[in-house]
Each structure stands twice: as C-alpha cells, then as structure tokens.
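A, B, C and D are the chain letters, set down in written order, and residue numbers restart from 1 in every chain.
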Amino acid sequence: MESLIGGLVAAPLLGAAVLLTGGRRLDRSGHWLGTALAGLSFVFAAVLFFDMLGKDAEERTLTSHLFSWVPVEGFQADVAFQLDQLSMTFVLLVTSVGSLIHLYSVGYMAHDERRRRFFGYLNLFMGAMLLLVLADNYLLLYVGWEGVGLASFLLIGFWQHKPSAATAAKKAFIVNRVGDVGLAIAIFLMFTTFGSFAFSAVLDEQVAAGAGQATLTGIGLMLLLAACGKSAQVPLQSWLGDAMEGPTPVSALIHAATMVTAGVYLVVRSADIFNLTPDAQLVVTIVGAASLLFGAFVACAKDDIKKSLAGSTMSQIGYMMLAAGLGPIGYVFAIMHLVTHGFFKAGLFLGAGSVMHAMNDEVDMRRYGALRRHMPVTFVTFGLAYLAIIGFPGLSGFFSKDEIIYAAFAKGGTQGWILGGVTLLGAALTAYYMTRMMLLTFFGEKRWQPDAAGREPHPHEAPRVMTIPMIVLAVGSVGAGAYFSLGERFAHWLEPVTGLGHEEAPLSHGMVSLAATAVMLIGVAGAWAQYGRRPVPLVAPAGRWVTRAARRDLLQDDFNHAVLVRPGNYLTRGLVYVDHKLVDGVVNGTAAAFGGLSGRLRRVQNGFARSYAVSMFGGAAVLVAATLLMRAV
Amino acid sequence: MSFPLLTATAVAPALGAVVTAAVPSARRTAAKWTALAFSLITVGLAAAVLIRFEPGGDRYQLTESHSWIADFGVRYELGVDGIAVAMVALTAVIVPFLIGAGWNDADHAQDAPAARRWRPTQGFFALILMVEAMVVMSFMATDVFLFYIFFEAMLIPLYFLIGGFGDRAGEHPESEQAKQRSYAAVKFLLYNLAGGLVMLAAVIGLYVVAADDLAGGGTFSLQTLVEARASGELTFAESTERWLFLGFFFAFAIKAPLWPVHTWLPNAMGESTAPVAVLITAVVDKVGTFAMLRFCLGLFPEASVWATPVVLVLALVSIVYGALLALGQRDMKRLIAYASISHFGFIILGIFAMTSQGQSGATLYMINHGVATAALMLVAGFLISRRGSRLIGDYGGVQKTAPLLAGTFLVAGLATLSLPGTGPFVSEFLVLVGTFSRYPVAGIVACTGIVLAALYVLILYQRTMTGPVTEAAGKMRDLRPRELAVVTPLIALLIFLGVFPKPLTDIVNPAVNHTMSDVGKTDPAPAELEARK
Amino acid sequence: MSPENYLYLSALLFTIGACGVLIRRNAIVVFMCIELMLNAANLALVAFSRMHGNLDGQIAAFFVMVVAAAEVVVGLAIIVMLYRSRHSASVDDASLMKL
Amino acid sequence: MSSDVSSLVTLAQTEPVFPEIQWAALSPTLIVLGAATLGILVEAFVPRRARYATQLVLSVLALAAAFSAVIVLAVGDYGTSEALIAGAGAIAVDGPALFLQGVLALVALVSVFLFAERRLDPAEHGRPVDSFAAQPAALPGGPAEQQAVRAGWMTTDVFPLLLFATGGMMIFPAANDLLVLFIALEVLSLPLYMLCALARRRRLLSQEAAVKYFLLGAFASAFLLFGIALLYGYAGSLGYARIAAVIGGTPPELDPALAATMGNDALLLIGGAMVLMGLLFKVGAVPFHMWTPDVYQGAPTPVTGFMAAATKVAAFGALLRLLYVVLPGLRWDWEPVLWGVAILSMVAGAVIAITQTDVKRLLAYSSIAHSGFILAGVIAVSPDGVSSALFYLAAYSFVTLGAFAVVTLVRDPQGEATHLSKWAGLGRRSPLLAGVFALFLLAFAGIPLTSGFAGKFAVFRAAADAGAMGLVVVGVAASAIAAFFYVRVIVLMFFSDPQPGGPSVVIPSPLTVSVVGLAAVVTLVLGIAPQYFLDLAGQAGVFVQQAAATAR
C-alpha cells in the first residue's frame, strides 16, 4: 500500500515530464494522456482510501520513506510521505476535482494550439499539490508549496502573448514568494528549536510545549504568512483577482478548489503548534475575518464574472481560515468547508467557463443576461452550486458554513460576538453577490454585445466532455454537506489528526442556522431589489466611493504600488546610480587620481639638466642631513 | 609512484590549449574539435578523480608532493578534499558546454582582414582551456604559494578573453563598444591584480611567521601549517593573524566578488561573450569563495571568527544590493552579473555562518550556481546572438516564435531563483538554515534575497519572452541542435542536483566537518533539546 | 698651518663647484665646475693623507687626476659634438626630452 | 690596493715585497679589458671591411671566455669557501662578485648581438647599417656624414667601448677599495657616455642624452669622490676592510697620534651619505633618477638595453658590497634613509609611468620603480637580502634586454616607433612579437610564472623577514599601480585596432632573434623553475669580509 503513495505523486509528475518534453508528437494525444494519468492518480487515491477505511481510526496513518534527500550534518531532509486522514481528504479532493477538470479542459482547450503544454502544466500542478499534502516534513511540503506556485505561475500566464496574463502570473508568483519566505523562516525556527522539521518530530504537543512561547508564536505567525500568500488572505491577497487571467479550468482547479486552500491545510496541519499559541491563533482568526469581508466586498462590486468569483473564493477561504484559527473546535469545519467549497466553487467556475465559452470569451456580466434558456445544463449546475454557496438549507454550504458561524460564536466573550457577527455579515454578502451574479448572467434581458472582432455571440450549450464534470460537481455541491454532517461523520474521520473541540456558544445550533438563513435571505432580497427588478445598465453606474473602491479591489494595488512598488523603483534606480557613481566612482576615482598625480609629477621632469642637478643636490643634502639627524636623535 | 592523476587533470587542458593554438589558421573547425576533445578528456580525468576519491578517507587524497622552489619553502603539493573534488568536477563539466556554446563566437573576428596571423578562433578556445587548467590547478593546490601562483596567473588568459573577444551586441556603436570592452578587461585585471598583490603581502607575511615558528623552516604547505597550528607549534600574534587574514580575504572578496569590491563583474560579464561570462562567474569566481573556505578558515580560524560579523554584514549587503541592482538593469547580461553578486553573497554568508549546514550549503551553492548561471547565461547568449542586442527592452514575445529557447530560459531562470526541485534550492536553503541557526537576524535579512530573486528573474522573463510578438522576435529561430545539446544537459543536471543531491553531500560533508574542526566551532544545539537538558 | 684649513678650503671649493653646476648654463663652464669639485676632493684627499701620515690619499689623488683627464676627453668631445649640431653650448638648450 | 701600496712605499726601504696578484681569480675582468684593448688595436690596424666581423667575433669570444672564467672560478668554490680578496686587497673574488660578473658577461654578450644587428634599416649606399652613426661628430645629415656613410665608415668601435664598459662594470661590484670603486665607476661610465651619443637616427636626442648623462654622471661622481675623501679622512684608509674595522671600533692597530682625526663621526656620516648618493645615482633611485628617462629615451636602443640591464646590475652590486661590508656598523643610520629612497623610487616610478607616452621612457620609469623594489631587498641586511637582490638583478636584466630588443624591431620610416600610440593593434599584426613583449611586461609587473614574480617574491620575502613589512606593503601597492601601465600597453597592443600607416615589425637577423628568444626563455625559466638559480644566488649571498680571508 505504501508504495501506492509514491505512485499517487509520480503519475501526474510523469505525465508532466512526458508532455513537456515530448515534443509535437504528443500534440494529438497528449491531453488524453494527461487526463488518464490524473485519473490513475484518482484510482490510486480511491484504493488507498478504501484501504484506510478498513483500518482502525488510530492506525490509519501510512508512511512511505523513499530516499534520503539532503543529508547534511545535523540536518536530515528526506523524501518521505505520510498519508493520514487529513492528507487523504485532500488527496481525494485534488485527484477527483483535478481529474474532472482535466476532462473539462479537453473540451475547453480543444482549439488551443498549445493544449499539450496546458495539460503538462495541469499534471505538474497535481503532482506538486499531492506532494504538498503528502509530505511528511515541512521541507518537502515547501517543495510542493513552491511547486504549486510554479504551476500556478505557468497556468495563469498560459496565454503569455497577453501582457496582462504575463503580468498577473509574475505577480502571483512574487506575492506567493513573500509568503514562502514565511514558511522558510518557520522551518528555520523549527530547525533551530527542535533540530528537525519532520511532522513526527515537531507536531507533538509535548515536544512543542518544550519550546518557548515566543518561538511558538513566531513559528505560528510565519506559517500564517505562508498561508496568507498561498490562500490569498489579507495582506497578501492582491494576486488572486489578477490570476483570473488564466484559462477558466485553471481558475476552477487551482484558484478555487485546491491550491488556494493549501494555506488552510498548512494551518490545520500545524494544529499542534497553533494550539499552544493563542496569540498566533487570534491573528489567524483576524486574518480570516478580514479576508472574509474583503473578498465579499470585492465580489459584490466586480462586473467581471471571474473576478467576482475570485473575491468570493477569498471570502470563503476567509471562513476556513477563521475556523482554523479557532482551534480544535474549528479545524474539522474548516476542512469540511474547504471540501464543500472545492465542489461548489469548482462548479461555479466551470459554469462561468462554459458561459464565457458560449459568449466569445466575454467576462463582463453586464453583457450577459437571459442565458438560462440557451444553456440549460450550465444553468442548472451553476444554480445548484449557487444555492450551495449561499448556504441554502440542506445543501453543502449550509452545513459547513453554519458550523463555522457557530464555532465563531463559541469563541466566547466579545471576540466571539465580533467573529460571529462578521461571519453572519459575510453570509449576507455572499448571498448578495451570488444572487447578483445569477441574475445578471441567467436572468433578465439579453445584453449581448459583439466582441472586439465584431462577432455576435451565439450562446450554445457546452459539449458533453465539459458538462459531465459540471454535473458531477453539482452533485457534490448538493450532497456533500449533508453526507459529511450526518452523524458528524466528517468530524470523526478527521478527529485523530486534528482533534475535536466542543464548546458551547451563547447561541444554540438552531438559532445560528436560523440567523444564517435569515441573513442569506436578506442578501438575496437585496440583490433582487437591485438587479432583478430593474433593467441592468450596460455600463456600470459610477457609484459611491465604497463601490468604486471595491471595484478597485479596495485599493489594494494602489496601496501596494504606493508603498512597495514605487519606493522600490526609486530605490533600485537610486542604487544603480550609487553603484555607478559612488562605489564604482571610488574605484575609477582612484585610478583618475593616480593619473592626475602622475600628470603633475611628470612635469617635474622638465628637460633641463640643471634642474635635474638641483634634484640630485637636494637629494644629497637631504641624505646627508637625514643621516646626521638620525645619529643626533 | 602511482599515476599523478591530479596533475594529469590540470595538464590535459593546458596541453589542449597548446595543441589548439597550434592548429593552422585555415582549419578553425579542427581547432574547435580539438578543444572540445581535450575538454572532454579533462572531464574523463575529473571523473576518475571523483571515482578514486573516498568520501570517508583521509582529508586530502590523491596527494602529490614534490619539492619545487625549496628556497621559498614552496612545494608542488596537490591534493583534494571533498570540496575540491566537487569544484574540479564542476569546472571540468562546465567547460565543454562553454566550448559548445561559444562554437562560433570567435569566428567573426577571424573574418576580419587583419586577423589571419592572429587566429582568433584558435586563440579563443586555447585561452578557455588555459583558464580551465589554471582554475583546476588552484582548486587542487594544497600549497599556499602554488595556489597563489595560479590564482594570479589565471587572470592573464581571462583578460585576453574579455578584452579580445567581446560581445558584439551592445547599446553602443562598435568603436564605443571596443572602448567599453577594453575598459572592462582592464578593470577586471587591475581589480584582481590589486587584490592578488595584497594577498602577496599576506603570503609573504605568512611565510615569515611560519619560518620563525616551525622547526622545518618556512613552508607554504597547507597541511603542515594547519597541523602546526593545531599542535600549537605555529602561533600567530593576534594582530598578525588578523592582518594576514585580511590580506587573503581581500583578494578572495574581490574575486568572489563581495560588495563593495564587486564593480568589475558587471563590466566584465557584460562586455564578454556569454561563454566567457560564464567562465568568469561560474568557474573562476568560485576560486575566491573556495579559497575563503580552504585558506581563510583553515589557516586563520581565530581571525575568521573575529571578522565574521563584518563579513556577514557585507555578505548581506551583497545579497540585497546585488538583487536590487539586478532589478535596475536594462542589459540582461549585467542583470545576470548582479544576480551573481547576490548569489555570491549567499555563498559567503554560508561560509562564515560557521555551521555545517551553512558550509555544506555554500559548497553546494558554488556547484549549483555554476550550473544554473551557466544555463541562464548561455541561453541569454543564444538569445542575444539572434537579435544582436543585450537590452531587455529590445525583446518581447520570444516564446511564441522560439518556445524551446523561452522554455529553457525559464527553467534556467527558475533555477536561478532557487525553485525547489532544482539544485540551487537545496543549497540556498542549507545556507539560510545554517545562517539562521547561529544568526537569526542575518538569516531573515537574507530571505529578502529570495523574493528579490523571483522579481528580477521573472521580470526578465516577462519582458523578453512574453507579451505580443515584437518585430525582433518575429523572425527568431528556435534553438539549434548544437545549442540544445549545450543547454539540455545543464538543465538535467540542475534538476538532478535538486532532486538527489546526496552523492554530492556525501562527498562534501566530511570536508566540511574538517573545516568546522579547523575553526573550532560546533553547530548550535536545538534550543528545545538544550532546554530539556 | 694646520692641515684642517685645507679641508675647509676643499669644502669651499666643492661647494663653489656644485653651485656652479647648478647655476651656469654653458656646458663647458658646468664641466669646469665639476672639475673643480673633483679637485676639491683631491685637495681633501691630500690633506687627509697628511693628517693620517700615510700616502694612500696622495696616491689616490694621482689616480683621480688621470681619471679626470680621461673625463675631460670624453666630456669635451660630447660637448663639442653638441655645439656642432646646435651652435650652442647652453645646457638649457638641450631640453628636447622632458615630461 | 692603495693601503698596501702605501705600506709598500714605506717598507721599500727595508726589503722589497711585491704584492701578490691572483691573476687567475681576476681573469674574467682581465679578459674583457684585454679584449677591449685589443679591439682598439683592431680599429687601428685591421682593414675596414673585416673590422665588423673581427670586432664581433672578438667581443663575443671575450665575453664568452669571461663567462667561462667566472664559471670555472665558481666551480672552484671561489664563490664560497675559497673566496678571497685579490689584487692586494683591491678586488674581492667572492660569491656576489662572481655571480654578478657572470650575469654581466652574459648581458654584455647578448648586448653585443643587439649592437651588431644590421638588418633593421634598409641599407644606405649599398652598405648595411646598424643603430650607430657612421661619424657621430659630423653634423647629422651633413655632407661629412654622407661621405662617411658612403665610405663605409662603420662605428665598429662601439664594440671595444662596450667591452670597456663591461670591464668597468665587472670591477664595480667586486671593488674592495674606494679608489678602485671610483676608477671602476669611471671606466664603466665614460664609454657609456659616448655610446649614448652615437644614435644614427634622432641624433639631437641622442646627443642631448649624452650631454645630460655625462654632466649629471660627472656631477654624481664628484659627490662620490668627495665622499671617498671624507671616508678616507675618517678611517685613514681606502680599503673596505679597514674602514669597516674602524667603524666597528676594532681597528687592528691604532696610532694614538691619529686618534684626533680618526673616528670623527661627522666625516663618516657625511662621507658615507655622499658615496651612497653616487651609487644611488647609478641605480637610478629617486631623487637621483632624473637622468634616467631622458637618457633611456635618447640613447640608441641597443645601448639603452645594455645600459639599463648592466649598469643596474653593476651599481647594485657595488651598493650591496658597500652597505654590507663597509657600512654594516652604520646600519641604523642608513637604513631609514634607504627606506625613504626605496619608497620614493617605487611610488614615484610607478606613478609617473602611468602617463608616459613613449615606450622607452615608460621602461625608464619602470626601471626606477624596480630600483625601489631591489632596494627593498638590499635593506633586509641578511644573506637572504643579498641573494634575493642578486636573483632579482639577474631576472630583471634579461627582461629589460628583451624588452628593449623588441623596441628596436617596431619601426616606421622614421626609425623606431617608440610613441605608444603607434603600438596600437600590434598584437593583431604581429601576435608573436606582441606576445613576447606582453610576456616581458607581465614579468615587469610581477605576474606569477614569470621571472619578475619570483624576483619580487624573493625580495619582498627577504624584506619581510627582516621586519620591513611596511616596505613590502608599499611595494605591493606600487606594484598594483605599476600593473596599470603595463596593462595599458598590453591593451593597446591587443585590444586596439591597428592604425593605418602604423609601424611594421622588421624581420631581424638571428642576432636579435636570439636576444629576444633568450630573454623570453630566461624569463619563463626563472619564473617556472627558479630553484636552481635561487640556489646559485643563495650560495652567492655572502660577501667576503676581511682581508684575513685572503688566500695565502
């Protein structure tokens, strides 16, 4: 069984290697090869899953040591895997959603001449993501962490000929790099504190308790920084919106369902450290809450369907992060929301992709409208995912989100009320922006516009290879929450890894559900009032400053530009000047000084023999005087 | 007497240089193949060294020792430890690629009317081999004087390579270009010569002290000196040791190059052809960092510890400063040069962190940086040769017309920014961990280098390779088979070193342990373990 | 008369000679000043010889005279040659080479 | 000599004793001087047509024989255990003397080849010409000269002149008596003054060089002589051994009557300083260096080469003997002064050379800087110091000869193209020649694997060993500055494009080729495998001190 873990990672990586180096020979069959290997990975995952189910809860962890990677005095890094319930959850999510999206891409990218490479990158992503969740130490996790970043970079910038795509790709990578530094420093701290960074050595409450509080908080905050980068949480959120430049399947897989949730994985994985450092936990919840609102605001204002969904993703991950920051009570639900979100958000993106596909790649929702009749399958699957995300009772989002809201209230005291309030406000906003999206896209009047080339859109349903994944995901969106929640099945599944907390909130479960449903309805109603009843203008009205700011992603880029980019530019330009004029100037100046000195001194050699004689005479005099003086002293 | 394998490894390229230079003017293709053949023979010999070397064995192996200039106490002493073996292997491996990459670089000079007697092509390859021979020699020398000789002598062929075979592509007209080129060559030579002369004073000082203390009279034998130090037979006055250390370190810092004596590198790399630029940064400069490890730490451990704070600060400045300046460059070769300065900062940081991880990391870094820069610079050279401009702004959209070129450029760039899975990641991480465990603040400051590296590499990639296809890129040819043959193995090597560096660490670790015990330092124990005690 | 006085004279002559070399322009005169310096040295030698009571100094003086004569031969030849091609015996005129 | 001569005079009344002259030990010098005299006779009696060949053969044979004699003496351990003071105390035959005489004989031999080169310029009036004027006394280009050329008057008398100078130089470092020192100085100087004036081209410069050299040289020798007189006054003797003994406070027999005049320190110090100054003039140390650039530039290049190489060897030899044998007791007095001179020479030589535009002047300033480097070894006052200076001199003299030999080959229609701008691109036209010149420049700069490095290392090591680390540091700094202008020339030759109408490189006769070749080989051999020669110099590192060591 253990060797299957290696196969799980190897299959997509092999696919990536073959597809990226195989050359044009594979242009015609490469996408199927990629999809098959992703599917193979899913099969391995399923086998492992059922094998795991057959064991006792406490004995489910599998480890597999492949080889010693970097053995240096006192520093042992191995390539070794650990498969426990938490990783299993991710493995299943990644391989299943990943395989579906591979399939979807076969249709979506059918006309792209670089399709083979696209599948190579997708496979690379899957391999790296699996490496990330299967690693048994933080360094190997780091490899996967940056690996998914690379894949993300490659896929966002897949249409490299568009400057915007290339810029977005670069931005994503660099912002992520900032987060990666956090992970790196966390690993340094672990190494200097525990002499190791293997999960088995570090993630042990007793061991961790031996370290000082400050160290633990430091590790926690650095891990959080890493998570912020990868999961687009405040303050490293700015790349996600731009990342939508990538092809839509990429947005669905990487920037909605899997990669961006790696931050949550990291926090939950490091539960044993966070549990010991309330300060870091508090910061995690704050970051989660801030991102939750930030994303939701942005999502409300965007007219670009994908960017609005991106805001939504950020907001939903904010939920997860907030939950993860709450400690054992929240871990399980963070992961649960992560899984359900993986289904419905992937479904939403695929739906959006389908719509764009039909509308000549138009992304402005104000130019959609009345698409429900033309694209029934898309409409239904999108609609189900919509109901799931807004937390319609009985669907996936309802279960996972309500648990998070409950856990937030359970934090207790003022903090509990604030966090609970934020989560409820988030729920209302979610309902608002999703309803708005639904109305603008599928209802109302046709507002279709010819594209830049003057072609009128002729919307049509997507081919089956695209609709099947959408349908499967819709089923997940509808059923997963209920399935997981029944008898706290999911909680018990994860409990051996994350632990489970039971704390009483000031509000009962029922009251929370009621409140959540109520605010959801308010949100829906608000959107209906604004977009359902009235015709939608083709060009967005100017709006108030809040709206304008939200449209500009709450000025995040302006802020970064003013605080980082522009001073950075001045700094580099200044340094180039300094290097040239000062550092090099000293060198050249020395040379020039000697040249000048030389020019002066050579004038002494004036050609007159008598002045030479003077020099000699003077020299002799000095010689004599000095000798005498030397004796006198 | 056994076969002098080390001597043979150095003699092979030297012989190759002579033979290549002797090839008649008209048969320049023969000259190229001759040079390649000799460089491959050198690879074979280096491989033999690698095979004969036993990682767990004596500190210096395959030693050769003959009297040379008895009057100066100079012996012809060669020997390799794990670090030297790795560096010799790097040098031997890189050079054939340089020859392959520079296959036609000198031909244009030969087409000039006055050049028939000059034979630039023959000269170009002969000089490259000559540099190789001298670099290999300086890695293997275990006699300070012998080392010094080759440390200095290698400047001369390099000087001719920089000044005589410049990059034709530049922002200036040809005459201005020639001026820039000779400025770069002169600056390179004088800078390094000045460093070398300062070192000469220190070498002499070392001899004088040794002559006073040692029963056997003055000597330059590294082993003898280190042993005498350990046994207390040889003692330095505190200030003497510091001065001597500074003399050595200054020379190595210039060669490495360390801020603020780095300014020759961008000029030299910018103006020379890509293979020569690689030769400088990937191979020759490594002698500087290598020598810090072997001579500064080995001979003057106490002074090294004394100087550590300052050196660390300089290394950190190099890291950040080099990266920021790389960001500010318009010329892609200068950009790579500044990036190298940043990377050399990491190497020196690792050496002077005085931890096993740091020093192992620094050694690996030397190897990895050599390979990564070689890949990046050579691909950049291929790109430049197509358009005839070094300016980043002159390119755009290359990936559309030359996807292989763009792809290899990207992979090399990613290796340069230390992406996990490539060799540089392993070494950079080790350096950072090693630094952090003793100097947390330094480790964190160095981390900014990680982010900045991503910036300058990706901006370079974005500006040249992506975006709409520019006129320049429109007719661009993708990599030729020769070029592909040069780049592919380098990239494969980078990935191999990233995924399975164990063979290398196994060789390097014992040598690092020796160095650590020379310096008398042990790794800091994990805080949690300490607390438990 | 004390022989020391001859020494003072010799020092005086030497100084006069040296100053002459520095001051005079005509190559012949400069040369004569140098001869004066040589002869000052001769005088000193002889005076010391007398003081020490051995003959070394006096013999040396003879040698110096011979050498000085040889010097005159060479010197005059060179100066005359210079005069021929420049029509000037001024030392200062011979200043083509400088810097 | 003189002290014994005087005793001879006083003793003559009782019994006639003839001083024993060790002819064999003096043979190298005697051979050269004899050949020089013979050369004069050749000028007088051999037909004009045969003179060139006769003189050439004579000179070569004489110098070769002198060199062989040196070898024979050295093999006979005259350099070490059998060292003696020959000629009744006048001339030392010891390690340094033999070593330097050997070097001088070789340098002169090689210089003869340069003197004899007759293929550089096109023949005039059907007769091959060399670097020297047919009739230097005649007006340049005037009818008298034309006639002289047509008549085939060749200046074959340069060979005896060279031999005389060489003879003087060979005595100079061996002189063990101040009077001999002075005579040797004049014997070596006078022919050189004349040789300087003999250039066939650029006669005005040549004459100017001769006048300057002559006047300043005579001026310096006057100082030297006065210094000798003062030292005589101090010690009552001209012999080195006796003076050293008086300085050391252990005169063998002290006449109480003389106590008043002897041992007057002022005489000693002033005299010593003035003698020192005379020798420093010859080695071209700052501030007595100012003749060097002008003379080097103006003299015919073969003469410059000979002068630069040989004079420096001879003068340093004499300086070493004086400081080590006569004045070691005064070490604390002269050492600081020489420190100053050495530092000034190194720095000023290197700095001023930076802006030079003429190859010969550049080499002149370079030689000034090198004087400073050698002085650093001299100051060490140890056998190592002596042997390092000897080695340096040997290495330096051949590099210098080679460099000037190359200069004779780079010509344009006006003769030698010594202006640096004309050397642009030489490396592309004549890579081999430029390469060899670059080798010489690198040796000057002290790059490893050349003789210059070995020499510099030896000298600096000796200085450091003697505690003069400060001098080493200055020397290193000066080397760095000096590297600048050597490199500048290399840049010019290799990295500049050739100028149209620039100079061409003449294909010389085997004579010059052998000079350049030999110099290059010596440069490399002394750089790569210097051990044998270091041993030689090491064995030659001890001066014979006392007359007591005289062979009985």
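The criterion applied here is as follows: a contact is a pair of C-beta atoms (placed from the backbone, for glycine too) under 8 Å apart; a residue touches a chain by one contact, two chains touch by 3 or more.
The structure presented is a predicted model; accordingly, all values stated were derived computationally and were not measured.
Which chain pair shares more contacting C-beta pairs: A-C, or A-B?
Greater number of contacting C-beta pairs: A-B.
Can you name the chain whose C-alpha mean lies closest to the mean of all the C-alpha atoms?
Per-chain C-alpha centroids ranked by distance to the global centroid put B first.
Based on CA centres, what chain would you say lies at the far end from subunit B?
C
Could you grab the centroid distance between subunit A and subunit C? Build each centroid from C-alpha atoms only and quote it in angstrom.
96
Taking each chain's centre as the mean position of its Cα atoms, how many Å separate subunit A from subunit B?
Comparing mean C-alpha positions, subunit B is 37 Å from subunit A.
Nearest whole angstrom, what separates the Cα centre of subunit B from the Cα centre of subunit D?
45
Could you put a whole-Å number on the gap between the CA centroids of subunit B and subunit C?
65
Using the touch definition from the top, which residues of subunit A touch two or more other chains?
Correct list: 591, 602, 605, 607, 609, 613.
At which residue positions does subunit B touch at least two other chains?
In subunit B, 190 touch at least two other chains.
Indicate the residues of subunit C shared as contacts by at least two other chains.
Only 18, 21, 30, 91, 94-98 qualify.
Among all the chains shown, which pairs meet the touch rule set out at the top?
A-B, A-C, A-D, B-D, C-D
If you look only at subunit D, which of its residues touch subunit A in the complex?
Going through subunit D, the ones touching subunit A are 211-212, 215-216, 219-220, 223, 265-266, 269-270, 272-274, 276-277, 280-281, 286-288, 290-291, 293-294, 332-334, 336-337, 340, 348, 351-356, 481, 484.
Going by the contact rule at the top, pick out the subunit A residues touching subunit D in the complex.
591, 594-595, 597-599, 601-602, 604-605, 607, 609, 611-613, 615-616, 618-620, 622-624, 626-628, 630-631
Going by the contact rule set out above, which residues of subunit A touch subunit B in the complex?
The touching residues are 20, 67-75, 139, 142-143, 145-147, 150, 153, 157, 160-163, 165-167, 169-170, 173-174, 177-178, 180-181, 184-185, 187-189, 191-196, 207, 210-212, 215, 568, 571-573, 575-576, 579, 583-584, 586-587, 591.
What residues of subunit C sit close enough to touch subunit A in their complex?
18, 21-23, 25, 30, 91-92, 94-99
Along subunit D, where are the residues that touch subunit C in the complex?
Touch list, subunit D to subunit C: 2-3, 5-6, 9-10, 136-140, 179, 182-183, 186, 190, 193-194, 197, 203-205, 207-212, 214-215, 218-219, 221-223, 225-226, 228-230, 232-233, 236-238, 255, 257-258, 261-262, 293-294, 297-298.
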